[in-house]
Structures are given as structure tokens and as C-alpha cells.
Amino acid sequence: MNVQPFLDISLAALVIGVALFTIIAKDEFSAVVAYVAYGIFLAIVWVRLYAPDVALTEAAVGGGVTGVLLVMAGKRLDVSATMVVAKKPSVAFSAFVAACSILLAGSLAAVILSLPDAAPSLAPQAAAAAQGPGAGLGNPITAVLMSYRSFDTMLEKVVLILAVVGVWSVGADEAWGAAPAPFGPATPSDALLFLAKTLPPIGGLIGVHIFWTGADEPGGAFQGGALLAAMWMVAMMARLADPPPINSRWLRLALISGPAVFLAIGVAGAMLAGHFFAYPSALAKPLILFIETFMLLSIAVALPMLVAGPAARKGVR
Amino acid sequence: MPNFLLAAAGLITIAVALGLARILRGPDDIDRMMATQLLGTGAIGTMLLVANATGVPGIDDLALGIALLAALATVAFLNVVELEPDEMGHESRD
Amino acid sequence: MTPLIVATLVAASLVGIGVYGFILHPHPLRKLLAFNLIGGGVFLVFGIVARRGSAAGLPFDPVPQAMVITGIVVAFAASAIAIAIIVRLYKLEGGVDLDPALPRKSDGESTES
Amino acid sequence: MSLAIDAFTIICVAAGVFFYVAGTIGLIRFPDSLSRLHALTKADNLGLGLVALGLLPRASNFPDAFKIIMIWVLVLLSGASAAQMIGRALRRGRR
């Protein structure tokens, strides 16, 4: 007897149920908690779609770091709660929107199900990239990210920096250059201190491990960077480290190091290997790992700064 | 054997998902966080079993990653809860 | 093939649920959550396409999967900006309502822009 | 030999599932937050621990087995700290 179809259907029901609850929950914080649960379920769905790399990213970024961001914001907005609440939309309008949404979902499902059986695929090209210019990478996804679509990946790092700049620029003018608000109370509990002193060393090792195996197995700079970011946030929650001032030089250098190194090597590739973002084939794998190391640093610094929010005035949280 | 492990994984997922009823019922936010904590642990157990039963590469690393992040959201929540009301502060408009 | 049909239904439902919540919820935090649900559904469509496009000896097409990985990180960055704006709005206005018709704290004396 | 290993796995994993289910029932049924916390930690420690123990003999090499143990240790570490913090928050009436 095969239990898999039954498990798939229950998992689907769970994901849809949690997503629905995110929408219909009465208070904001329940919705946030349901969203964190949804992230965990979604990671399991990605495993079922044979995408362990994506599952790891979803669990680390979608579940872990986003969870921290939403829980902290949600709880703060919620405590201060509940400001003016807008009038509820009328029943007729709600029904109309519901009908439109069902129509949209139905047509989307129909479109996906009617895709041609022999799906068009870029897998052969990507596999060729993994053999050719992305030489020596056993993980086809890393080969795609770093070689076949390297320009995209570089720009994606730029987007991350732009997002950090965007978050910073939301802050008050007088606070510019100061540090973002600390992550926790001035006197953290002993249990948290213990956790923050034991977990980050282990977590740092695991982050580097996942980054390193990413060349040949599921993992990579995104996932490893997200884990390192999470460990830095644990340390900041226990006030072992506070968010650095946003005008500190090392912070800004660390933020741009990923795309800067990527771009520099891409330009060098235009001169040495014939075209933009080409790697000399003998050096491809070491070069890719070199770039990825700086990407790891960029991501590990950018994600906590995004969670920390804009600079705050002294003594103001 | 793989079927037994998969069935166990499914049972665990469904069991901890039932715990999500706590999100619905509360009564306090801290109870809601406990439900996600249980869900995270359940997901790790599920991943371990699935990794062993199906042999898709990398799921053990995935379980390792989730184990590392298991308590992150809960700890973040408790940290905000423990803030003194004046630390919570709302920027005064001056 | 069955897992793909189930995944299709999940992806489509997520998009539908997300659109519904995005339009109807007055609270911007809830709009953000709903928007992320839509994003999750779209990423799943990529995943389904990746799984269908298995070729060249790979069990999946790595190109859409790689795009989803960058997409998840970008979605997080966008959420972070949205949260920063919502928190700032709350600090300035004492509320996060998007309805311009409602009375607000700062009416008539906007010292900070 | 392999039969004994299979039997060991089945017993341990089944016991692990039992503790997960027990933890869930406790989380749903117990009347107050502190006793629900007590139920939660059973699932954290024993449920996952027994599942990990049951899978240990099936690991093909040492690194895999080490990973399984690491996962359990990490969950113990963060779960215990979080439980301690939850208890403290409850005692201080912060919820």
C-alpha cells in the first residue's frame, strides 16, 4: 500500500487551511503566527516538489528570518494596538471579491494543468553550463545561479542593498547615521544569554557547512547566509551585540562586498575569458566559491539590518 | 519500511497541525507561539523520517537548518514581550 | 503525476486566498501577509514548472528553482521595507489605517514629513 | 540482524510518534499555559529524541549519524531555553 497520495492531500489541506486562517484570523498577531506556521508547511511542500534547495531557503528566509521580522513588528503594533479600525467592507462587496478570487484561482489551476505534457525546459542548457563554464559544480542550481544566470544573481544582491537603503531612509531625519533600535530589553534573561552564547558558534559552523556543500549538494550562499544572519540576530536579541550604526564603514563595506566582488570578476571575465561574466574555465570553481564567500557575507549582514529597521534616536526604541 | 517511516511522518505532521487549534483558541499570544514551537519540532521529525525514507539529497541538511531556527521566532516574541512598557516606547513627536 | 496536480491546486488556492485578503483587509500588516501568500503561490507555480521540465538526467529543471531562491530573498526584502513603512506610519500617525477619511493624530499640524 | 534493527526502528519511531501526539493533546486539552508548556516540552525532547534514536542505526555513515544527533541536541538546546523564557514570561504575567 502506498501512503504518499494520502499524505500529499493532507499536506495540501494543511497549507490551504493555514493560509485561509492567515486571512480570516480575528486579530493581527494570530495571523502573523499562522503565517509562520504556513512557512514551515511550505518548506515540506517544496521537499515534495523535489526542491531541497528551495525548501532550505524557504525554511531559513521565509520561515525563520521573516518570522522574526513579522513577530517583532506584529507584537509591537498589536500591543500599542488597535488604533482606528476602518469600517468592514460590505457583505456584497466581500462576496464579489470572493467570487473573483475563486474565478482567478480556478483559471490559474486550469492554465497550469493544461500546460503541454512535454514541458519546455532549460535543464539541458543549464546542465551544459554546469559542465562547461560553471565547471565542477555538482549542484545544478548553484551552477545556474553563479554561471548560467550570474547577471541576475548579481543584480539580486543589488536589490538586497537597495532594500537596506530603503529601510534606512524610512527613519527620522535626525536619527540618520545612528544605530537601529536594539533587539531586546536591556537585561536579557539568563536562559536567553545561555542560548545566545551556545547557539551561534554551532550555528555559524552549520551555516558555513551549508554554504560549502552548496557547490555539490543542496545548499549555497543564500541558505548559509540566512542561517548566519539568524545567528547574528540571536546574539543581538541577547544584547551580546547591538545593531551597528548605519554609517559605520565596515557595515557598508560588508553590504556591498558581495555584488562588488561579483561585478569585478564579471568585468575581468569580459577581458580574460571573452565575454561579460565568463569565467576562465580552469579557474571557474575557485572563482565561483570566492564570489560566493562575499555573497555569503553580504547576505548575512543585509538580512539582520533589514529586520533591525531604520536608525533610531538615542534612548528611543 | 519506507512506507512505515512515511506514515509516521504523516502522523506527526497531522498531530502537530492539530495543535494549531491553539492559534485559534489562544487565549494568550504566548499559547499561540507554543503551537508554532511544536509545529517546528514536528517538522524536524517529519523531515528526518522523510529523508530516511525517500533519500532525496539534502533533506538532512534541511532538518539541521530548521533545528537551528526552531526557537528563533519564539525567542523574538518573548524578547518583545519582556520589554518594559517605557522601553516599548513610541517615538514622541517633537 | 498526482503530487503535481495537488501542488497545482495548492498554488492556485494560495493565489486566490491571497488576492481576497489583499483586497478586503483594511490593516496593512494583513495586506502584507496576503501579498506574501500570493507570492508563495506564484513560487509554487515555478516549482511545478521546474518539476515538469525535468530533462537532461536531472529530476528537475534547475533554472526556475534558482529563480525561486532569489525570489524568496527579494520577497523578504520587500516585506522588510513594508514593515519599516508600517511601523513608521504608526509612530507618526498613531494608527496604521490607510483610509484617508479617518481622523488622525497629526491632522492640521504636520511638523514632520 | 537487520530484522532486529528494523524492529528497533519501528519501536522507537512509534514511541516518538506517541509523544508527539501526547504533546499535541496536552497542548490542546490542558487548562493553563504552564501545563501546556509542560506538554510541549515532552514532544520537543522525547518525541524528536525517540525518532532520532530510531533512525540512528539506519544512518549509512558516521557523518549522517552525527547530523541526526546534532539535530536533536540543537532542538534540546533551543527548546529548553525557549521553555525557560516562556515560563519566566508567564510568571511575570507577560503574555
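Each chain carries a letter (A, B, C and D) given by its place in the written order, and its residues are counted from 1.
Throughout what follows, a contact is a pair of C-beta atoms (placed from the backbone, for glycine too) under 8 Å apart; a residue touches a chain by one contact, two chains touch by 3 or more.
Fair warning: this is a prediction, and the values are worked out from it, not measured in the lab.
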### Query
Which two chains does the highest number of contacting C-beta pairs join?
A-C
### Task
Compare the CA centroid of subunit A with every other chain's and tell me the farthest one.
D
### Between subunit B and subunit D, centroid-to-centroid distance (C-alpha), Å
12
## Note on the structure
For the pair subunit A and subunit B, the C-alpha centroid-to-centroid distance in angstrom is 17
### Approximate Å spacing (C-alpha centroids) for the pair subunit B, subunit C
21
### Query
When you check subunit D against every other chain, which residues touch at least two of them?
70, 74, 78, 81-82, 85
### Task
Quick one: which residues in subunit A touch 2 or more of the other chains?
4, 11, 50, 53, 76, 80, 172, 189, 192, 195, 199, 202, 206
#### Entry: Residues within subunit C bordering two or more other chains
90, 94, 112
#### Entry: Residue ranges of subunit A touching subunit C (in the complex, touch as defined)
4-5, 8-9, 11-12, 15-16, 19-20, 22-23, 28, 31-32, 35, 38, 42, 45-46, 48-51, 53-54, 57-58, 61-62, 65-66, 69-70, 73-74, 76-77, 80, 83-89, 93-94, 97-98, 100-102, 104-106, 108-109, 112-113, 115, 119-127, 140-141, 143-145, 148-149, 152-153, 156, 159-160, 163-164, 166-167, 170-172, 220, 222, 226, 299, 302-303, 306-307, 309-310
## Note on the structure
In the complex, the residues of subunit A that touch subunit B are 1-4, 6-7, 10-11, 14, 18, 21, 25, 29-30, 33-34, 36-37, 40-41, 43-44, 47, 50, 52-53, 55-56, 59-60, 63-64, 67-68, 71-72, 75-76, 78-80, 172, 183-186, 188-189, 192, 195, 199, 202-203, 206, 209-210, 213, 217-219, 223, 227, 230-231, 233-234, 237, 312-313, 316-317
## Note on the structure
Touching subunit A in the complex, subunit D uses residues 70, 74, 77-78, 80-82, 84-85, 88
### Query
Where on subunit A is subunit D touching in the complex?
189-192, 194-195, 198-199, 202, 206
### Query
Across the complex, what residues on subunit D touch subunit B?
6, 9-10, 13-14, 16-17, 20-21, 23-24, 27-28, 33, 36-37, 40, 43-44, 47-48, 51-52, 55, 58, 64, 67-68, 70-71, 74-75, 78-79, 81-82, 85-86, 89-90, 92, 94-95
